[in-house]
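Heads up: the structure comes next, in C-alpha cells.
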Amino acid sequence: MEIPRETLVLMLELMLKIRHFELRVKDLFAAGEIPGFVHLYLGQEAVAAGVCATLNKDDYITSTHRGHGHIIAKGADVKYMMAELYGKATGYNKGKGGSQHIAWPGLGILGANGIVSGGIPIATGAAMSAKLRKSGQVAVAFFGDGASNEGAFHESLNLAAVFDLPVVYVCENNLYGVGTRQTRVRKVENVADRAAAYGMPGQTVDGNDVLAVYRAAREAVDRARAGAGPTLIECQTYRWRTHFEGEPDTYRPPEEVEAWMRREPIAPYRQYLIEQGILSTREAEEIEQHVIVQVNDAVEFARNSPFPAPETALEDLWA
Amino acid sequence: MREISFSQAIVEATAEEMRRDPTVCVWGLDIGPYGGAFGCTRGLYEEFGPERVIDMPISELGYVGMGVGAAATGLRPVVELQFSDWITLPSDTLINQASKMRYMFGGVLSVPMVLRAPVGGYLAAAGQHSNSFESMFAHIPGLKVVLPSTPYDAKGLLKSAIRDNNTVLFFEHKKLYETKGPVPEEEYTIPIGKADIKRPGTDVTIVAYAFMVRKSLAAAEQLAQEGISVEVVDLRTVSPLDEEAILTSVKKTQRLVIVQETWRRCSVGAEVAAIVAEQALDYLDAPVVRVTAKDVPIPFSPVLENYVLPQEADIIAAVRRVLRA
Amino acid sequence: MEIPRETLVLMLELMLKIRHFELRVKDLFAAGEIPGFVHLYLGQEAVAAGVCATLNKDDYITSTHRGHGHIIAKGADVKYMMAELYGKATGYNKGKGGSQHIAWPGLGILGANGIVSGGIPIATGAAMSAKLRKSGQVAVAFFGDGASNEGAFHESLNLAAVFDLPVVYVCENNLYGVGTRQTRVRKVENVADRAAAYGMPGQTVDGNDVLAVYRAAREAVDRARAGAGPTLIECQTYRWRTHFEGEPDTYRPPEEVEAWMRREPIAPYRQYLIEQGILSTREAEEIEQHVIVQVNDAVEFARNSPFPAPETALEDLWA
Amino acid sequence: MREISFSQAIVEATAEEMRRDPTVCVWGLDIGPYGGAFGCTRGLYEEFGPERVIDMPISELGYVGMGVGAAATGLRPVVELQFSDWITLPSDTLINQASKMRYMFGGVLSVPMVLRAPVGGYLAAAGQHSNSFESMFAHIPGLKVVLPSTPYDAKGLLKSAIRDNNTVLFFEHKKLYETKGPVPEEEYTIPIGKADIKRPGTDVTIVAYAFMVRKSLAAAEQLAQEGISVEVVDLRTVSPLDEEAILTSVKKTQRLVIVQETWRRCSVGAEVAAIVAEQALDYLDAPVVRVTAKDVPIPFSPVLENYVLPQEADIIAAVRRVLRA
C-alpha cells in the first residue's frame, strides 16, 4: 500500500499534537486549572492518527471518555478544545460539554461520550444515514476493550453487518478498563475475534505502529465506502497514565507500564520518516515546535476566554 | 367529515410526512411488508420501499441508538417499538444521549427522531406488556412526550413530531388503535405542548391524557345527567406541559381531579397537582384528587387488572368527592 | 451415550403432554376462554423435552414468551398452568402472571418472560448463585433465534464464560422472530457460531430430534455441573403456528410450513421407541391417553376454579 | 461518639452484613482489590475473598441481571454501579424484572438485591456523570429507593437494605462520600421508609433528601439568625415515601418548601407537593415552593452547573417567599 508523503507527515503531526496537548492537560489539571475529570490519551496516539488519516473531513467519528486524541486527529482546533476543557464560553461546546463531551459536526465529530459503548450505536446510525443519503461518507466508532463487553457493541456490530453499513469499529485495546485487566473479563484472546460472530472481517493490529493502524484502517474504510460493509479493527496499545488523572496506579505492574512506555509510538515513527528520507530531522523538529506553539496558544486562548454567562445554561436545549 | 381509525391516522401522518420530506424513514420490528404489530405502518413499505421502511433485528438498544446517530446526521427516523414496555432497553440512548446531545454540545447538532410506541393496559397482557412509562421520560429535559387520545390529535401531533427538530416520544394507547374519529382530508398539524379542552364545564376540572380522556369523557357524560358540569382537559403532551391550560381551567372550576392510567408516585399527575399547589393554591375549593393505577404491577387476570387500573366508576367517585369537600 | 429407558419414555411423555396442552390451548383461546395473548410451542416439543430430561428437579430454567413447553418439561402440573392461563386464583401464580409469566421455584422454574432475552441474565445469575453456594445446580436459559441479537445475550454469555458458570444457553432457532426471517437480521449462518466470541463451546443440533437435543444437552449439563463452564446449544426447529394465536400467517411460505410439519418431532420418535422395543404400541398409546386425560382434567380444573378476589391484586408485591 | 466518613459507613455496613450472612456478596466494577471507584468496598476483597467480592466486566445489563437471578435463588447480592447515570443500561432488569417478579409470580419468589450507585452533581462531571434518577425509579412499584444524607443514616439504612427481601436502590451522593459524622460502634439499623427530622422548627417545613439535606440545614441555620424557624425533614427513602412525616410537619408549620437536586417534572418533589395538595390542603398558608435543578441537562462548566443546580441562596429565597405569601 502506497501512502502519500503528505499523509505520512500528517500522521506524525497529529500524534505530536495529541501528545503535547495531553501532556499540557495533565499539568494544567494537576495545577487545578481544569475542572472535572480528564482521561488522557497519552500512549495511544498512533490509533487516532492512523485511523483518522484515512478519513475525509465529512466522515463521521464517535469517541469516548478518552476522546481528546480522536478529536484532534479528526481535525479539531486545539484552541477550542482547550477552552472547552476549561469550561469557557469559547469552547467548542460553550463550556457545556467539557472533556468528555466535545462534538463538532462540521468535522464529522459526533461526540465524545461518557457512557462506555454509548457512541457505538450512534456511529452505526450515522453510517446508515450516509448509506441512505448515498453521501459516500464513512463512520468510525472508537471504543475501548472494556466497551466490547457491552450489549451496545453486540447489537451495533450485528446491525452494521446485516445492513452492510459503511462503518469501521476501532477497538483500542489498552489491556485495562479502569483497574480491571481484560483477561479477567473476556475469555477470547483478541477483541477482533468477535467479528466472526457477526459475519464481519476482524483484524488485530499493533496499535503503537501508526503505519499498521493506517493500513488496516485504509482497507476497512475503502471497503466501507465501496459498500462492502463494516470491519472490526482491534488496535493493541497502552495508556501511559492511570484511568483518569488523579487515580493512583495500584493495579498495573510497573514493569508493564515501563515496557509499554519504551514501546511508545512517536519516536520510532519519526525516526522511520527521517530514515526513509521523508522528513529531515529539522523538518521533524519544526513540526514539533509548531504543535507546541499551537498548544501554548490554546492554553493562552483558554485562559483568556470568558466563562459563559450563567444564564446561557438555559440555552441550547431545544432545536 | 370522514372518520378513520387511530392507527390509520398514524399511517396517514407518516406517509404524508414521508412524501413531503425524503429524509423521513421508518424503522422497527416487522414494520415492512408485515405492516407493524398494530398495523401502524401498513402500506408504507409498498409505497416507499426498503430503503425508507426498514425492518430491524430485535435489538432495541442498537436500532434506537442508530436512530439517534441517523437523526444527528441528516435523517428523520421514525422508530417504532413493538410495545413501549421495553423502552427500558434503549433508555440510555434516550436519557443520556438523545435528550442531552444538543445541549451538551452547545447547540451544534440536533436529534430529530420520533420514537413511536404503544402503551397501556386493559388487554390482559400482564405486567410486561401493559405499561405506560411516560412519567419517567417526562422527567428528562430534552425529550418531548406526546400521548394523543383521538385519531385527529394523533395525526396532527405525529406530523408535528416528525417535523420537530428534537427527539419526541410518541406513545399510542393500544386500546385507542381501533377507535375511530373525524379526520379531515386536508393537511393540518397540531402543536406539541398544547392541551385541548375536550369538553368544557364549570364545576370540576378533570385533567387526563391518552386513553383516560375517553374514560373521563364517559364519566363526564354520566355526571352531566345529574347536573354536574365537568371540564375535561386533554393534556395531549405531557412534556412540555401546558401549565397555562391547566391553571386556567382550575381557576375557573376551582376543583381538580387528575386521571391517569399509570402509577401515582412521581408521575404526570403528581406534576399537575404540584403545579396547581404552587400556582393556583388559593383558587382551590377542595383538595386535589388523583385517580391512578394502584401501586402494583399490572396483573394478568382481567378481574385483577380491572381492579388495579382506573375505571369510569373511579372517576365518577373522585368527582363526587371533590364536589363534596 | 447410553440413555436410560426411563428417560427415553419420559421424553415421549413430555412431548406428548406439551403437544396436547398446546392443541387444547389453541382451541380454548380461539373459543375466547383464555384471555390475553398466547404464543404456542407446537412443533418445538423436542427441544424442551430433550433439554429438561437432562435436568434435576432443583436445576433452574428461565423461559420466554413461548414458555409452556419449557414449563411442562421442567415438571409443572398442567392443572395449575391451565388455571394460570385462565387467570384463576388456583394458577401457579394466582392469575397475576398468565401465559407469559409462569414461575415455580419449587421446580427451578424462574419464570417465563415477556421481554425477549429477559431471562438470559437471570439464568446466568442463578448459575452464579449455584456456583457460589456450591449447590451443584445447573441453570438453563431458553431463548429464540431473535433473542440472540439482543445485548443481554452478549453480556450474559461473556459473563458466564468469564466465570465458568454452570449454565447452558439453549437457543431455539425456529427461523423467525414474529414475521422477520432470521437471515435478514443475522449474517452468520448458525446462532451457535457466536459461542466462539466468548470462548465457549457452541453446537447446532436438529431441534426436532429429541435424541440429538438430549445428547447435546446431556454433555453440556454434565460439563456445567463438573465446573467446566457454559455451552451454547442451538436447536433448529420450527413453530407450527403463527407468532401468537390470532396473527395471520402472511410471512411464511406455505410449503415451508408444510415441510416442517411433516418433520414434526413426536411421531418418528415414538416409532423409534417402538422399533427399538423400548415401548409397545399399546404402551405408547397409554402414555398419550394419560396425558390427554391430564390435559382434560386441567381444563376442568381451570374452568371450575374461582377467579381471584379483586383485592388480592394488592397482595404479593412485597416480601 | 467516633466520627467516620459516609464511604466508610458504607464499607462498614456491607462488611458487617457479610459477616452476619454468608449469602451476602458484592459485585461491581473495580470493587475487588481496587476498592471501588469511591472507596466504598475498601478491604472487603481482603476480608471476604474472590468468591464474595467479584469484579465484573463492563456489562451493566448482564451483571445487574445476574444479580436478580442470584437474588431469586438464595444469594443477597449487593451490586455496585460505578455511577448511577448508566442505571439506564440495566433498567429493564430493574423495571421489568426485579420490581415485578415477585408480584407477577404470585409471591412465589423474592429478589433481595441491593443496587448501590453514586448520584449527583456539583463536581463539574457534566451531563452523563451528574444525574440523580431516583424519581424515575420511585415511580415503579416493587422497588425501594433510598438516599441517605449522613454517615449514620447511610450505615443503618444500608444494613436494612441488605436484609430487606425486596430490591432496594441505594443512591449515594458523591459529595457526601467524604463527609464525616458520628456513627456508633454498636450495631444498629434504620428502617427503610421512615423520614427523619434533621432540624425541628415551627415556621416553615423544608422537605429534602440526600445532599440537599446539608444545603437545607445550612440555609436553616442562616435563617435562624433572622429568627426564622425552619423544620428540615429528611425523607431518607423516596419510595416508599413517609407521607405521615411530611403531613405532620406541614400541618404544624403550614408552609412547605421542597428541595431536591434533580429536575422538577414528575419528580419526588412533585409527589410531595401532590400529597400535600391531596391531604393537607387546608393547612397550607402559602403556595408550595419547589427548589430544584433547572430544566436542562447538567452542564460541565462550574459557573453553569452552579446556576442549574440548587444553591443555599435559592433555598433561603424560597423560604422567604413562602413566608411572604
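Letters A, B, C and D name the chains as they come in the text, with residue numbers starting at 1 for each one.
Here is the rule we use: a contact is a pair of C-beta atoms (placed from the backbone, for glycine too) under 8 Å apart; a residue touches a chain by one contact, two chains touch by 3 or more.
Quick caveat, the model's predicted, so the values are computed rather than measured.
Asks: Among all chains, whose Cα centre is located farthest from the one for chain D?
Replies: Greatest centre separation from chain D goes to chain C.
Asks: So, what's the distance in Å between the C-alpha centres of chain C and chain A?
Replies: 45
Asks: Take the average of all CA coordinates in chain B, do the same for chain D, and state the distance between these two points in whole angstrom.
Replies: 30
Asks: Provide the C-alpha centroid distance between chain A and chain D, rounded to the nearest whole angstrom.
Replies: Here chain A and chain D have centroids separated by 36 Å.
Asks: In whole angstrom, how far does the Cα centroid of chain C sit from the Cα centroid of chain D?
Replies: A distance of 40 Å separates the two centres.
Asks: Could you list which residues of chain D touch at least two other chains?
Replies: In chain D, residues 56-57, 59, 61-62, 85-86, 89, 92, 96, 103-104, 126-128, 141-142, 295-297, 299-300 touch at least two other chains, as defined above.
Asks: Where in chain A do residues touch two or more other chains at once?
Replies: Where chain A meets two or more other chains at a single residue, that happens at 95-97, 101, 113-115, 118, 149-152, 154-155, 158, 162, 184-186, 317.
Asks: Select the category (line, ring, star, complete, other) that matches the graph of chains linked by touching.
Replies: complete
Asks: Can you check the complex and tell me which residues of chain B touch chain C?
Replies: 29-30, 33-34, 37, 55-62, 82, 85-86, 89, 123-129, 294-297, 299-308
Asks: Which residues of chain A touch chain B once you look at their complex with the stated criterion?
Replies: These residues of chain A touch chain B: 60, 62, 91-97, 101-106, 110-111, 113-115, 118, 120-130, 132-133, 135, 139, 151-152, 154-156, 158-159, 162-163, 315-319.
Asks: In their shared complex, at which residues does chain D touch chain C?
Replies: Going through chain D, the ones touching chain C are 23, 25, 51-52, 54, 56-57, 59, 61-75, 77, 92-93, 96-97, 101-110, 112, 141-142, 165-166.
Asks: For the complex, which residues does chain B have touching chain D?
Replies: Listed in rising order, the residues are 85-86, 88-89, 91-92, 95-96, 99-100, 103-104, 126-128, 133, 135-136, 138-142, 239, 241, 262-271, 273-274, 276-279, 281-282, 284, 286-290, 295-297, 299-300.
Asks: If you look only at chain A, which of its residues touch chain D in the complex?
Replies: Within the complex, chain A touches chain D at residues 35-37, 87-88, 95-101, 113-118, 146-147, 149-151, 177-180, 184-186, 250-251, 307-308, 310-314, 317.
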